[in-house]
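Here come two complexes built around chain A, the first alongside chain B, the second alongside chain C.
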Partner chain A sequence: MTAATGVMEIALIIAFLALALGQIMSMIRLVLGPTVGDRILALDTMVINGLGLVVVLGIHQGIQIYFEVSLLIAMLGFVSTVALARFVLRGDIIE
Partner chain B sequence: MSLFFIVALPFLGALLPGLMNGAGRAACAGVTFTVSLAAFLGLMTNLPSVLAGEVVMARVDWMPVLGLNFTLMLDGLGFFFAMLILGIGLLIIAYARHYLARGDNMGEFFTYLLLFQGAMVGIVLSDNILLLLVFWELTSLSSFLLIGYWKHLPEGRQGARMALTVTGMGGLAMIGGMLILGQIVGSYDLSVILQNRELIQADPMYVPALILILLGCFTKSAQFPFHFWLPHAMAAPTPVSAYLHSATMVKAGIFLMARMWPVLSGTPEWFVIVTSAGLITMVLGALIAIFKHDLKALLAFSTVSHLGLITMLLGTGTAFGAMAAVFHILNHATFKAALFMSAGIVDHETHTRDIRRLGGLRTLMPITFGIVTIAALSMAGIPFLNGFLSKEMMLEETTHTTLFGIWWLVPALATFGSLLSAAYCFRLIGHTFLGPVRDNYPSKPHDPGFGLWGPPAFLVVLVVVIGVAPFLAEPFVKLVTASLLGGEAEVPKAYFKIWHGLVPALFMSVAAVVGGLLLMGVFKPLLRVWESTPRPEAKVIFEGLIEAAAALARRFIHTLHNGAFTRYAMIGSVAIIALGLHAWSTGTVGAPTRDPQSASVVAIAGWAMLVAATGGLVVMHRNRLLSLILIGIVGLMVSIGFVFLSAPDLAMTQFTVEVVTIILLLLALNFLPNRTPIESTVLRRVRDAGVAVAGGLATFALAYHYLLRDAVSTPISEFHLANSYKGGGGTNVVNVILVDFRGFDTYGEIIVLGIAALLIYALTETLLSGPVRARLLNRLPDQPRAGDMHPMMMVVLTRVIMPVVLMVGFYIFLRGHNEPGGGFIAGLIVSIAVVMQYMASGFAWTSSRLRYPYHGVIGAGVLIAGFTGIGSWFVGKPFLTSDFTYVRIPPFEKFELATAALFDLGVFLAVVGAVMLSLESFSRLAHRAQDKDSEHPMDIDPSRDDPPEDQPKPVTEGV
Partner chain C sequence: MIDIIATYAAALSLLVGSGFVLVGAIGLLKFNDSMTRLHAPTKVGTVGIGMLLLGSMIDTFISGDTSIHELLIMAFLFVTAPISAHFIAKVNIHRRACDTPPAPPRDSTWSTLDSPEGESQ
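Then we have the complex of A and B:
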């Protein structure tokens, strides 16, 4: 094992753990609330963290297609957040 | 003329009367007559070959694998019946032209009549018993339409329903019988079946098959105990009664018994069932007929009685009996159709069919009197008329028939039946035409025009000709009998004569006529006795039975299907759990073949989050918005799970579906309260929780079980992986499965998707056009609304990102066949791109920039997919066979062109259309009256000079 791959392995593990921790903490925030806004934000954070997880998984398994999945999430993930926010603010998301 | 044309002509011709309806009554009837005449003449062109004893065949393979072929056969028996159907049909059409009132829709009537005629001809010419069953059901359906032709009469509708129920159930039984017969012989071709008498009768399934087939015949031919529907079917217009219920349809059962005679008859079972059913029907029908006051009801029961007579003759299983039956079918068709038409004339002219209000019509309607008298006397069995001849043959046959070991039983009952028959014939003549002229007829009677009395008069001429010169009919009847017997027995040598000498049949005949006259002498006291005896009323019993069956079905259905989703989910879950438990406990369970793997920390974290989100959902499910957010997490974690398990295709689909789902649910939530109220009792919730936990545990157990074991046989995925590139030209197996291996499934699914979207659209449109509209329009927001309607930041962002998203969608679509992607995901991505514009700039602004309606997009998708599938027909391949090739267009690299891509385009369009149509329908509902449609993309636009519309205008007081 070369030094570079060794460092890579460690970096990946740290990234995984950090992202997983972030997910869990967002989850706690989501359950605790207290306002709907907190919860929507928690969901949005979870989408971002999930995106990160997919990227790290892609690096780990060396599969290029995973980046496309993450691109898709990045591109469209905000739509549900916007929709939820609109719902809270206006009630009707298409008006 | 080919047999196909003879059968097809009435069906094709059925289109014409409706078209000619506007051209006048004469044209309408004329075209119907021409069609029937063409079929009749076509039949006649086959007469020489039939007379030569040949069997004309015509065959087209339809579904050879199922043994269902379009095979037609014309022998003597088929010719005889086809001639009756088409010949009497011609007379009926001529008669109906004058019978139907101006208010009746003639085109509709003749369309039904021709459909019926075609179905009937189909029955008698079929050589394949499955084909015969198809035509058999068609006669039931078309007769339903004809009986209920006068839709405004409740009797007509009830009679039609009863006829359809009884004959339909008989038909169902017969299907079973025919299938058994086909199984025994190994062929569904009649010509083959008819050669296998020994094989069929030796088979243990012979008796069930016989009973089932006879059930079909007895219901159709109104044999006891199914005789009750026929009189109720008399609510039909008289031409229908004359055609269906005397000459043709009720003879279909008789025809089938005659057709099957060579293979089914001759056994004790056949003899006992058929002969006794026929005898009972004959006596019972005649007995009831005497006391009926309605002319048509009297004739209806007399028809029942005569059908019984024919059935009994077929039941004897002797060649002579069969010959008598054929002869009587011919005679009965002539005199009974004439009588029905005459009854119609009386009804038409006097406006009543009640015998008690008639009488003395002899001088007022001399022509009708003549026709009825001859026909009725023939039915009574008076010499020099055809009814006498076949009745004599029948009585002769009964003297040789011993039922249940009692030699006198059959002759005595037959004589008694004939006696009753003579009695009602005399009553028909006497009480309608003889006696004093009344002065209180509902309408002044007089003879009708030739159009009405011509057809029955023609039949009466036949009655007399055959009656006086029976030798004219003899060769033909013997020919038909020969084909009925099918070589199983010799055609009897006996000649048709009026005078046979002083044989027992003559004495029986005399006794019947004299007895009938005597009975009429004491009719009044007899009627009093009859009316004071309680009798079971068939209609009441029938309707009671139907009502009881319906109530039973209702109770059963309403317990299972009470409208509460929890109930369905519970029943479904419990049933599946029970089945699974049964399978697990009775099947063999192998030992685990795989070892559990150790889980990584990340996987555990993901799993924990899934569990937490699901658990949170259970706790907080009454808060609707919160549950939606939690569902979003579940979706996200599942997508990541798919990535983790190396299924990026599924991950992308799952993720895009999540986004669309959230938008759709938010649109719906707009109309719902924020919290789900508690509606069920604690007990019920505990029950539901129990079922849910059991279902979850069972699913877990199943998954765990399979995860630890290798598949028992080669999984289908092996095939897919091996053939994906070879057969489908794609390396993305998921996509090749969707568009190629299971393309037909996908095709069905996009159609369902389109239908679902259209349904959502239809429902919202209905809401918006109904009384709810005002409430929806004037709905006030249930919470203070904050912020801009169409914020600039969002508008700019969505505009910028739109081309990028479309590009990605396009890319994913094109790549789909070989790499993860495809029409479905691309469709979802593009939909999201469009939805973003809706959310940013509003419904009105976006819709006004829409060039194609979403309905059309769905339709285009389904059509493209369908035409791609059909395209493979042109190269002689089955539907949806795909093909692919590689092409090189200079500036580009070599690339693949596959028909599957075209199919995928259809999927893409259907998905876009369906998603957008449902979202659009929901947001259309949300439109409020007080919100003005904005014509600008965003509320605050620095480049615009006018003030934003949303802001309230400054109010100046006191001006």
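Then we have the complex of A and C:
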């Protein structure tokens, strides 16, 4: 059991590192991004990476409350992406 | 015995998910066209986060109180990822950030095209 737990700890550390690296790379694309679409896409990817960070944090601490947090982040991320895209497309969010 | 197998399965799904997250972020950074860049991060939303949530489900199975609430987040992400990708593609077309679609063939069967001479549109 100890070997399996050690493998799980290493996998958790690798997942944290991969999500943090993905967050940093999306932030670089958010700063560089030549068009508005790239910036919206980078923000969407950052929200999804943050969702993954919350999920991995919930596995690490073994607390069930992180499920609600990640569900809320998923919904808000989708709504904000659609709102930004609609603002660029139509000049207005709710017509 | 089954706890050990489940722990290894959770670790494996975490590793696969983090690999997909990393690949998606590298694709977002390295591709050279707006529409091409749209392709990579959708894998982060579906496969990457899906595998992380699968690992979370297996982990709750190990610790005793099994919960399948994570399927809800997975279903929500699988439904909303194509919608947001479609909206971003529409933004790219609208801002002319890609090859624009070809002009429609010029036929005069539409009634609005048959305006009389000298009358402005």
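Keep this in mind: the second predicted complex is superposed on the first by the 94 of 95 C-alpha atoms of A that agree within 3 Å, B and C clash if a C-alpha of one lies under 4 Å from a C-alpha of the other, contacts with A are read in each partner's own complex, and residues count from 1 in each chain.
The rule is simple: contacts are C-beta pairs under 8 Å (C-beta built on N, C-alpha and C of every residue); 3 or more make two chains touch, one makes a residue touch a chain.
Worth saying up front: this structure is predicted, and the values here are computed from it rather than measured.
By the document's definition of touching, of the two partners only chain C reaches A:Ala74; chain B does not. Touch criterion met: A:Ile14 reaches chain C, while chain B stays clear of it. By the touch criterion defined above, A:Gly91 reaches chain B but does not reach chain C.
Once the two complexes are overlaid on the shared chain, A:Gly22 sits against chain C while remaining clear of chain B. Residues 17, 23, 36, 40, 71, 75, 82, 86, 88-89 of chain A lie in contact with chain B in one complex and with chain C in the other. In the complex of the two chains, the chain B residues touching chain A come out as 601-602, 605-606, 608-609, 612-613, 616, 625-626, 628-630, 632-633, 636-637, 639-640, 643-644, 646, 648, 651-652, 655-656, 658-659, 662-663, 666-667, 669-670, 781-783, 785-787, 789, 794, 801, 804-805, 808, 819-820, 829, 832, 835-836, 838-839, 842-843, 919, 923, 926-928, 931. On the chain A side of its complex with chain C, the touching residues are 1, 4-5, 7-8, 10-12, 14-15, 17-19, 21-23, 25-26, 28-29, 34-38, 40-42, 44-45, 48-49, 51-52, 55-56, 58-59, 62, 64, 67, 70-71, 74-75, 78, 81-82, 85-86, 88-89. Every residue of chain A that touches chain B in the complex is listed here, in rising order: 16-17, 20, 23-24, 27, 30-31, 36, 39-40, 43, 46-47, 50, 53-54, 57, 61, 63, 65-66, 68-69, 71-73, 75-77, 79-80, 82-84, 86-95.
If you check the complex, the residues on chain C that touch chain A are 3-4, 7-8, 10-12, 14-15, 17-19, 21-22, 24-26, 28-29, 34, 37-38, 41, 44-45, 48-49, 52-53, 55-56, 59-60, 63, 65, 67, 69-70, 72-73, 76-77, 80, 83-84, 87-92, 94-95, 97.
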